[in-house]
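Quick one: structure below, then a few questions.
Lettered A, B, C, D, E and F in written order, each chain numbered from 1.
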């Protein structure tokens, strides 16, 4: 905490911060992908799987519904991503 | 989310101010990505209900577009109201 | 890790912790405001916006619904905040 | 959320105990604030459905009050049951 | 940052990391319990409490519903935990 | 959640690679625990609707078992599709 110590501290802090930001960004990116996967999974379960749960197996109709649901969800993600990219702010 | 929402950084020492700003940046990034995911989930849930094909049909696609546009406009409007309410601005009924 | 080192470590740790707690508190406060904004936005979208999404524009009815919804949501936040403040514990 | 829910800090070195206690404090603060937000969202959703004015009418306001009070009582009761279940206490049917 | 410094750094980093992982694990465990408690609370409120909120008190029927709901929710947690424990992956 | 989902760690210095791997581990633990909680919530909500007793009846119990099994199978299937979509694999309609 000497008179000249402050700027050095600040500089060192700045370097640390850049690294922290890089790791922070990587973390947010991973969290985003996990969140996307979980929402896709929950949403397609709601859309495709019969709520009474009479069977423990997925039947053929449910399986193809899941595949199409995942594919359409992915498409919506891309579509919305394009729209957000064209936004002036977000 | 608007940066001004996150409060005032004046009066802090330089080092802490930087750390606080970095924290705000991290929160904004996380919030933007979550908002993206929640927008996708909502518009998918509202607009897509048939699974006979694995690609969106024209109607679903335009529903998603309108839903997303509407949500962004809605979100901006709420943001303005939120800022006013935060500042205690009185508005007519 | 010398015999006398421990208390100094603990003391230093304590000072660091107070700073960490201050930053932690600021972080939680910001998370709270973001969470409030997002819940208000999602809730008022559900209450005010027609789900079929026939239009890309907000119509006049939707716009005034949004304004009133935001205002009422804010009021509920204050009202519940008062009730929680009067609670013996939370 | 009750502090006892978060487990036992005995047997740790002093330094770690302090750090753990700080972590528990942070989690409690975050949880209280989230609980506040989720209580507001639920009671708003249950009680407010008309948007002809920008202030709550009497009926909506008292609905929100009752909703919040009920939620807090409910939450306290669930907390007691949760503690018992955590400790494996048997209770009559 | 000396030539021989790197491996020592890495080693020290490894020790720090083990401690961080321990704290991280404790944190996740606590978050899990808080999340469980909150979901149980929200779910049983939805199942047991009349949405119109005519009263500020919980009536006898609601009280016993809450107790049973908490107990059943706990059972489901254990049941699903057993099933997940027997899973090849999760 | 699959570890491969979280991206490539090659090319980083050893120290950062370790830190990144620790971060991935932490995220996986958090995600597994949340997934456990959300599975319980969903199957409870779908299967349990009567509160005349404090233990699950046979029907509720088998509904929960089937629900959980189905969810896990569903989740694995979505994981495969997700990986394909991430890699841009084209599949028939």
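By our rule, contacts are C-beta pairs under 8 Å (C-beta built on N, C-alpha and C of every residue); 3 or more make two chains touch, one makes a residue touch a chain.
Composition by chain, UniProt nomenclature: A, C, E = Mitochondrial import inner membrane translocase subunit; B, D, F = Mitochondrial import inner membrane translocase subunit Tim9.
Here the structure is a predicted model, which is why all the values come from computation and not from measurement.
One rotation lays the C-alpha atoms of chain B on chain F, and its angle is 120 degrees to the nearest 5. When each chain is reduced to the average of its Cα atoms, D sits farthest from chain A. Work out the mean CA point of chain C and of chain F, and you get 27 Å between them. Each chain gets one centre point, the mean of its Cα atoms, and the points for chain C and chain D are 15 Å apart. A straight line joining the Cα centres of chain B and chain C is 14 Å long.
Within chain C, residues 29, 31, 48, 67, 71 each touch two or more of the remaining chains.
Within chain D, contacts with two or more other chains are made by residues 19, 34-35, 38, 43, 47, 53-55, 65, 69, 91.
Interface residues of chain A facing chain F in the complex, by the touch rule stated above, are 23, 26-27, 29-31, 33-34, 37-38, 40-42, 44-45, 48-49, 51-58, 62-63, 66-67, 70-71, 74.
Of all residues in chain F, those touching chain E in their complex are 14-15, 18-19, 22, 25-26, 29-30, 32-41, 43-45, 47-49, 51-56, 60-61, 64-65, 68-69, 72. Residues 6, 9-10, 13-14, 17, 20-21, 24-25, 28-29, 31-32, 35-36, 39, 43, 47-48, 64-65, 67-69, 71-73, 75-77, 79-81, 83-84, 87, 90 of chain C are the ones that touch chain D when the two sit in their complex.
Those residues of chain F lying in contact with chain A across their complex are 1, 5-7, 16, 19-20, 23-24, 27, 31, 34-35, 38, 42-43, 46-47, 63, 65-67, 69-71, 73-75, 77-79, 81-82, 85, 91.
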